[in-house]
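Next come two complexes, and both contain chain A; in the first it sits with chain B, in the second with chain C.
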Partner chain A sequence: MSRVLGAGPIARLRHVIVAWPSILRVAFAGMVAYRAEMIIWVLSATLPLVMLSLWNAAAGGGAIDGWDQTAFTRYFAVNLVVRQLTGSWVVWELNWSIRKGDLSPKLLRPMNPLVFNLAETFAALPFRVVVLLPLVGVLAMWRPEALFLPSPAAAAGFVASSLFAFCLAWLVQALFGMIAFWTEQSMGFWSAWFAVWALFAGYFVPLALFPPSLVALAQVLPFYSTLGAPVDVLLGHAPVASTLAIQAGWLAALGLLTALVWRSGIRRYGAVGA
Partner chain B sequence: MIRDTTGPEARLIRVTGLSKTYRVPVTKPGLRGSIASFFAREVREVHAVRDLSFRIEPGERVGFLGPNGAGKTTTLKMLSGLLYPSGGEVRVGGFVPQERDPAFLQLVTLVMGQKQQLLWDLPARETFELNRAMYGVDRKEFTETLDELIALLRAEPLLEKPVRNLSLGERMKCELIAALVHRPMILFLDEPTIGLDVEMQVQVRQFIAEHNRRTGATVLLTSHYMQDIAALTPRLLIIDEGQLRYDGALDELTRTVAPERRIVVHQVLPELAALGFAVTEGRMVATVPASEVNALLQRVFAVAPLVELGVEVPPLDEVIGRVFRGASPTETP
Partner chain C sequence: MEVIAALLRVSIREAIQYRASFVAEIVVGALSAAGIAAPLFLVYARVPHVAGWTLDEALLVTGFFLLYNGFVSGLVEPNLGAIVDGVRTGALDYLLVRPVDVQWTISFRKIAPSAIWDVLAGVAVIGGALWRLGPPAPLASVVAFGMLTAGIVATYGLWLLVVCTSFWFVRVDNLRFLLGAVTDAGRWPVSVYGRGVRIALTTVIPVALVSSYPAMALLERLDGSLAFGAVATAVVSLVGSRAVLLFALRRYSSASS
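For the complex of A and B:
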């Protein structure tokens, strides 16, 4: 072998960084092979457009709590972009490979199999952009008055917040996928999470339309950090610094939890029959 | 701690008192059974492996045999770090497998005939490249190893086709390449020829033997095809119901479990009946202990000097079958 790999966290991280370009290239080749299916999957996550049409109709008779049709268009257009750029399929992938035992050959490699899942998530991004561009273009033509130029601070905050949202959304999916280590079926849990998430993440309704006491609570729950936070940061509905701080806190907590659950899950997988 | 990952220790396998017990949920049939198990899940303990001990020296090729459910795959999975043992101690290449040290995973490989690591919709080359990156193999060494493996397995035409379009045998060739691009020193092969046609079985067998000769890698192989065992593994481990039944040379097993020989005369000579021969399918057959073969042959030639005959050893699968059915082989340490 070329070099003996170390077992410490730094050595493992260094190994991932060195190997990352090759892993990403193979993951991208996989996405190209699945391109038709991929595009359909990406299109299936365009619920914000459905919500936009509903809220657009509702606001036709006048603004709702100060939100007119233009505000809703902005909100759900940005919502669509964030939702697409933070999407992944890791919960399905993990659930499947744990249940079917396909995880076993992956565990024989000296690198955490989740690294490849992460690479697949990145590799899907160009496809997501390809789907997004015409959708956003159509929205812009439909309601040109919704086009806006964010302040540099809001734009920078949006980029940082979206990155946090990407990591958080991925970690949450990975965590739910790992439930299959114990239950052999995690999709039921994921569906339950999705229902609560869709409400509190701002997927169906902007958080600003919630009763004020509920807004304060929803902003500190993890759901909002994975979607609504970057949308509201860009549109100026949420303070940049405190929103990023909450996201960073959740990232640290979920990152740690994911590492612990993975370690425990692998032990469980090895105990019950890999 | 710095370990030697190239010396003999890196190819050594030591197993002491290894055991694995699964807790398997039991559901009684029918609606009532389903409802009952929903409220109170009944669990049964299955002892897949019990108190298994053996040692495999660097570069050895060892056959691991047993009937279905004997614990072979469970043992291989414990040796490769996929399963946690319930008891006992294992050292593979100086490592404790279940700790899954990256240096350990670089040292071993497990080929599962019924599970695949190849990326299904991509050409096999992509999986080789993925493994190169994940195992940290440098590009030059990877190219050399790959060229060598491709030549040995005559796999060149297979590499650009999506894996889903390959036949079972072609996929196994690519699985073997994927499993070996990092040059492991210990190979666990679980039914590597399962489902392959005879020609492909021969190719895989030749490849494994040649790979072992070239690299000195240790090989532990399970197979239901006795030709694999006869051709590849001078030493056998036989387990049944999770326990070691035999550990020793293949020749020795035949000597102790099936010490008799069949003398087959290729024509019917009634005068041989007096020497203990019986007519079977137009031939005359006598079964005697190996030590009495010469004496009987002399008596046959005295009665029929020009007779055409042969001396047969019981087929290997029959010998193994006898061990499974409870015959007592002589165990070696």
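For the complex of A and C:
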């Protein structure tokens, strides 16, 4: 179904690589067609700014554990950007297409629908970042001293860590979306994950300001790897090598799990008769 | 009232049909309440005052925000969101032919039962904060309740206005997410924000009315002019949105014609 008939894994991989640029082009065109909706989606993810306001007011009387107002502005500005860089919507799409049966035609395409969605998500990234620029610009005007030039090492670590975080965030969403193969509706599970994630990913509070006993645990939990890790790598709050290693570990584990769940889920989907 | 009760019964059944997801939603309610309060505890573990509010006082604001959130996600969002879909698909026509005032049927047609956890969490947080702050004066409680009601009414009016734009521009459902995101700013005392944002949060998107004002009323810090302004905002918002709704319905020609 979702594979090129009679092709081995290597030929299939080649097939994906050959098709990739065209998928990106198509996906980007789709993004531009729905630009108004995309802009609203991006602007809806402004919770880091709400968090910044609280910490900014708290640090008004002096630095908190070495974090002054500039440090908080930097943290939440980068946080805002990484949140967009790692954004995807595959959990909504899977929920919808599994329940409504829209998945069936997608399975007939010569490419796995998940791979296709990953390409689409990737193609949306430039657009997301462009929409964010005015917001980041306002932050820079509000607090010019927060502008900074990262060292080449931190920048390189940030690129790698963001790429890992992007893949991880997408894998997690795909996994939660696939629960719908069994329960028809899995948005409740996703919201539960999101609520825990927001706390432990560094979305609300920099991990460095957690109670010391929790920091080490939070660093190895999967939540941090999908958001806080790239932010802390860029700002020098986390060691590059070990952070990337933890992310790579989660990437391998969740990648494998996603492949397994997809296989048994798709069998179950066929069994429904759709 | 009977009509409303019947509508609510149906929507509770609708919500529990996907059972596993429903159970998860209950967990979500508790978790997100914890998520909203947790940053406050982390901040106040290090500083005693933020923008003139102590931890217990700020928790009052958070509690009212949770109450308000439960109301919006339980009643306002499912109903007014359904109008947008109704306009696009034509399902709105079935509501318009019912012999009850249309604003009642479109505003109280559904309820999202999972919102009850937000409401309970809000009551618990407010109760906990008051237990430590000492009981408020009776008059202050009445004013606080009035402010909460005024804020909810104002929010309902704003949502109705946004939804009414769907009669002209069919695809506005995403605006709801934007509105939801902006109201997230109400979870902290309004004085943590800069002047520009503060003005926007009390007038344009009146979320401060719902969380900060009731808390200030309980703490007896709300002066009369602010309270009066909140009530005026609510009245203007309610009357204005009803006028816009009736106007929009008059020129609504249904999806099929």
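Convention: the second predicted complex is superposed on the first by the 267 of 274 C-alpha atoms of A that agree within 3 Å, B and C clash if a C-alpha of one lies under 4 Å from a C-alpha of the other, contacts with A are read in each partner's own complex, and residues count from 1 in each chain.
The rule is simple: a residue touches a chain if its C-beta (ideal position, glycine included) is under 8 Å from a C-beta of that chain, and two chains touch if they have at least 3 such contacts.
The structure presented is a predicted model; accordingly, all values stated were derived computationally and were not measured.
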- Sticking to the clash and touch definitions up top, decide whether chain B and chain C on chain A clash or fit. fit
- Item | Which superposed partner A:Trp55 touches (first chain B, second chain C, both, neither) | second
- Task: Check the residue A:Thr183 against both partner chains and state whether it touches chain B (first), chain C (second), both, or neither.
- Result: second
- In the overlay, answer first, second, both or neither for which of chain B and chain C A:Val136 touches. neither
- Message: Just to be sure I read the superposition right, which of the two partners does A:Ala218 touch: chain B = first, chain C = second, or both, or neither?
- Response: neither
- Message: One more residue to check, A:Ala192. First (chain B), second (chain C), both or neither?
- Response: second
- Query: Is A:Leu257 contacted by the first partner chain B, the second partner chain C, both or neither?
  - Reply: neither
- Item | Apex chain A: angle to the C-alpha centres of chain B and chain C, given in degrees as a multiple of 10 | 90
- Task: Would you give the minimum C-alpha distance from chain B to chain C, in Å, for the three-chain superposition?
- Result: 7
- Item | Complex interface listing, chain A residues touching chain B | 1-7, 11-12, 15, 18-19, 22-23, 25-26, 29-30, 33-34, 101-102, 104-111, 116, 266-267, 270-274
- Item | chain A to chain C touching residues, read off their complex | 36-37, 40-41, 43-47, 50-51, 53-58, 60-61, 64-65, 183-189, 191-192, 195-196, 198-199, 204-205, 209-211
- Can you list the chain B residues touching chain A in their complex? 3, 5, 22-23, 74, 77, 80-84, 98, 100-103, 105-106, 108-110, 112, 115-117, 119, 121-122, 126-127, 129-138, 141-142, 162, 182-183
- Query: Along chain C, where are the residues that touch chain A in the complex?
  - Reply: 18, 20-25, 27-28, 31-32, 34-35, 38-40, 42-43, 45-47, 49-51, 171, 174-175, 177-178, 180-182, 184-185, 187-188, 191-193, 197
